[in-house]
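Several structures are given next for inspection.
Note that chain A is present in both complexes that follow, paired respectively with chain B and with chain C.
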Partner chain A sequence: MTASSRGGRAVSALLKGSPSICSQCARLPPLQQRLYSAATAAASDASPIQAPISGGDLQTPDLTTPPVMHYPQHAPSQYSIKSGLILTRPPLLTRTLHPFETAFFLYQKRLEERLSAPFRKGFYFRHDTPAELDWRIKVRERHGVAGRDIGRYNPRGRMGWNDEVLVGSPLGASEEAVKERILTDAEMRVSEDGEEIPKEDRIKVERPAPRRTESDEKNDVRKLDRALDRTLYLVVRKGEAGWQFPSGDVLTSENLHETAARILAESAGVNMNTWIVGRVPVAHVVTKPVFKQDNPAQIEKKGEKVFFLKGRIMAGQADLTDNKHGLTDFKWLTREELQDVLPRGYYSQARLMMAER
Partner chain B sequence: MASTFSLRAPLQRLFQTPASIRSILTPPSPFATTTPAPRLAAAPFSTSPAPSARNPQRGGKNRSKQPQTDPKIISMKKHLSLLSPRHIPPPLRMARNRHLRHWTVHRAWQLFRRGQREARDRELMRMHQGMYLACEELRQTEGPGTREEGYLYRVAMEKKGVYGHNGVPIEYARMQTETPAREAWNHGWKRTSAP
Partner chain C sequence: MAPKLPTTLLRRPCLSASASSTSPSSSPATTTLQAQQVRHATFVPRSRRPYTFTQLVQLSDGSTYTMRTTSPAAIFRSTRDTRNHAMWQPSDPSLRNVEVDEAGKLAAFRARFGRSWDVDVAESKEEVEASGAEKKEDEGMDYDTFADLISGYAVKEGGSKSGGGLSAKEQARLDKKKK
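Presenting the complex of A and B:
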């Protein structure tokens, strides 16, 4: 801004001399008043961008009464500001493969088998050692195929051309079979002396933990080791208000992220290793103020703006004992389960920040 | 012998005469003592250690005829000889119908990947839209208390402490795995100091 225009504003403010509005508002022509700012943006609430929330009952923009309000800049606010935290547990496991992916990978492996040099046992195993004898037994069981994941296929044989797996074959159906094969192959079948070990005497390898845990089986929604390949979201129950994300009023000396951290500690305890991702709100829910029937200028009930920040939990568990917000219960839910629990408009706003998985 | 000479003769005419033959053909020079041969011997061209350097007496041919004694190297040579182009299978050749099936599979895979990519793009756009709308609402918000409009927005846009050292906790760097840990989640974690 140049000095001259600053001066012009000061002079116009002096000349106008109206105490009710600020100098900048007074300077501009009334019709095209700050098209880029508050009043206009509020009027465009029903724009297609906000289409997903139009079904909501909490903050649905009321189309019949466009909320264009020419209130002065410093009018008492009609909204109370709240800050909340959507605390998420990121997925701990990789996703399961799509059946098409599994089938395609098998197809590619067999083509690769056709293109590569044959496996040379002598390069990896010295002749007549236990390891070689062990390998020999296992390969015989696989009908001479070196790979564990391609089924019975020999690219150099008479049927080398027949590399496609037919529809309905159990081979490409799941990754589980390959994992099982690797685990059974990891057992040593031959003793140090080169003698075959009977099945009951073989040393079992330790199996990895299952992808579905005990909490999954019990469907324990308060545990965090549930739905390990999905994101879990913390929701709390607040009296008759029902389920919601932990949130609370922003104090006059606070900012959004400070409030969010405070609310979380006050409501769900400090024994959670959490991290608030940035300071930018990721979702918001607005409840319109209710005006008096006889006098629309007076507010019967203040509106509410809740801004949600995103948090991540790395360890620990929520604990509602002695919480200061009247919370009675908590749950860790996936996105689909949230849909059943949260109010519709509330959910559709929070849905914007939720990842696919 | 005669045939090799008849081949070599035009080559010698085309290119420079080899040094060995030249030394035989040309008579010894009276200024032979001034040749730089002794200096070359003092500063050898090769810097490789003596055992691995080529023996000039035996020459390359004799050396390759030496029998390899290390069984490991014999075995490796034998097996790696399979990687020579003579043993690698030729590129895939497919008949008409087989190739059409392959093409279909390829197109299906490309379509699948595209679907995934677009779903991801849509997801990112949705998340960005959520942040954008929240920020826009925040920008039009007065307060808290007597703060002017947009105060909370300005603070939210600050990047103080967001990046840099300790910006992201190290626990957050955990990779996704195929199977969970033996204890999938540490429910008993306790904060050691007050936050």
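Presenting the complex of A and C:
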């Protein structure tokens, strides 16, 4: 038995009696349970205390029983408190660049070309290897320019000053064009024997998946692989109440975030990897109570205060089968699409927590 | 060659010191010349920047982005990154750590030497009974069982050695003596 483990045993033996208190408190003799009222009673022991009870007969004061606490009575609330969850799928792609931005980046690259040392081929390629031959062919096609995405620009030539892209030039048009140029450049032009491969025999480089997916083309609002550069929000349809974020009543034993997690599990299933961001609501919607026509003091229908928490979905998908809230349908929508679906006031409240994209 | 520091070059000549050091015979013209600030131009060479290309980086799930790099390769394909690592993709079942033990070697090892160094293994029944509720609190100390195992083994080994086991060198020396 090593020393450290023996020490651990000793501590655990100390803590054995009451696992919920710290070791310091565990070592001290147990404190006597004393209430403030009991202390005052002990101080004024000489004069007997009148028991605070109505009725004529006098009783001996029983100090062992705690006094009955009287909590202030609130008027019955006109509102019921609900908690909901705005479940979001973060954007998976960066946004597309504005043409001005692509033109600016091209200008920056050309400026870099002017400021940096020229490319030294001999440092990267050995002479007369297939890689070197391949490089030579490609550079010849680019008119001697080492960079793939700067166009025909020679920083040390007579026209080196002319580094800006003109409006309407295909060079600065889009980042997709840059990507395409790099991908065509990536395919090998020379075989291992050092012979040039004819165009039809070259192995094409596999193109990366496009920004717009199949769900985008079909506009399948239930799929999560749609609108990859936007945030998607989960909305559910609750019978006649229409589209809304999943929400439900807060039980007396629950906090808002606990309710939100429960509501999500009850309504959209547990087959999701989600994370509730913080315990503070990000939005709230208030519905005013309805009073009776003949007696305005009496409530016909309680108002609602719905507090929304923010959640993130990492994996999985919503599944409404056997949900406990009478939900019939769900959608994953972007911010603009939510505007068409949600009630006006409801959307404007939730709008404040939504990101730009 | 390191360039001269500008602080040494831009030192301001002290007027009072030059006035006191100059002899009264020196003309007033030279005094004014010395008092003037002397500032040689220093050549500060621009830092060498290597040539950079725009490279397309493709992650293991197929997503791409471009970056500036000195490598002349057009595409960089990564084989191991956050997209196929269990730490960043905890909900991907294909990345779960599953023990491959087709030949049964690991199982055979465990059968022979036990699995007391597997931290997350369930305790055997008699151990639980012996320690009782106390054991629950120091679950983090399971590592110590491994240390105990080593120390226990070392004691056993020492005992056997004193009992008569000799190293090859000692044995050879004894044989020499006998001759």
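One rule holds for everything that comes next: the second predicted complex is superposed on the first by the 284 of 357 C-alpha atoms of A that agree within 3 Å, B and C clash if a C-alpha of one lies under 4 Å from a C-alpha of the other, contacts with A are read in each partner's own complex, and residues count from 1 in each chain.
We adopt the following convention: a residue touches a chain if its C-beta (ideal position, glycine included) is under 8 Å from a C-beta of that chain, and two chains touch if they have at least 3 such contacts.
Since this is a predicted model, take the numbers as computed values, not measurements.
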item	value
Partner chain(s) touched by A:Pro198 [first = chain B, second = chain C, both, neither]	neither
Contacts of A:His98 with chain B and chain C, given as first, second, both or neither	first
Greater residue coverage of chain A in the superposed arrangement, chain B or chain C	B
Partner chain(s) touched by A:Ala283 [first = chain B, second = chain C, both, neither]	first
Touched partner set for A:Pro296, first chain B, second chain C, both or neither	neither
First (chain B), second (chain C), both or neither touched by A:Lys109	second
Touching partner for A:Ala315 - first (chain B), second (chain C), both, neither	both
Partner chain(s) touched by A:Gly168 [first = chain B, second = chain C, both, neither]	neither
Contacts of A:Gly239 with chain B and chain C, given as first, second, both or neither	neither
Chain B and chain C footprints on chain A, overlapping residues	92-94, 115-118, 120, 208-209, 273, 314-316
Contacting residues of chain B [partner chain A, same complex]	75-76, 78-80, 82-83, 87-89, 91-92, 98, 101, 105, 108-109, 112, 119-120, 123, 126-127, 129-131, 133-138, 140-147, 149, 152, 155-158, 162, 168-169, 171-172, 174, 176-182, 184-191, 194-195
In the complex, chain A residues that touch chain C	1-2, 4-5, 8-9, 12-13, 15-16, 19, 92-94, 109, 112, 115-120, 124-125, 135, 146-149, 175, 178-179, 182-183, 185-186, 205, 208-209, 273, 314-316
Complex contacts: residues of chain C adjacent to chain A	46, 48-56, 58, 62-66, 68, 71-75, 90-92, 133-134, 137-138, 141, 144, 147-148, 151
Residues on chain A engaged by chain B in the complex (per definition of touch)	37-38, 41-42, 49-50, 73, 77, 79, 81, 91-94, 98, 100-101, 104, 107, 111, 114-118, 120, 122-123, 155-156, 161, 164, 208-211, 213, 223-225, 228, 250-257, 261, 265, 270-273, 275, 278-284, 286, 305, 307-308, 312, 314-317, 349, 352-353, 355-356
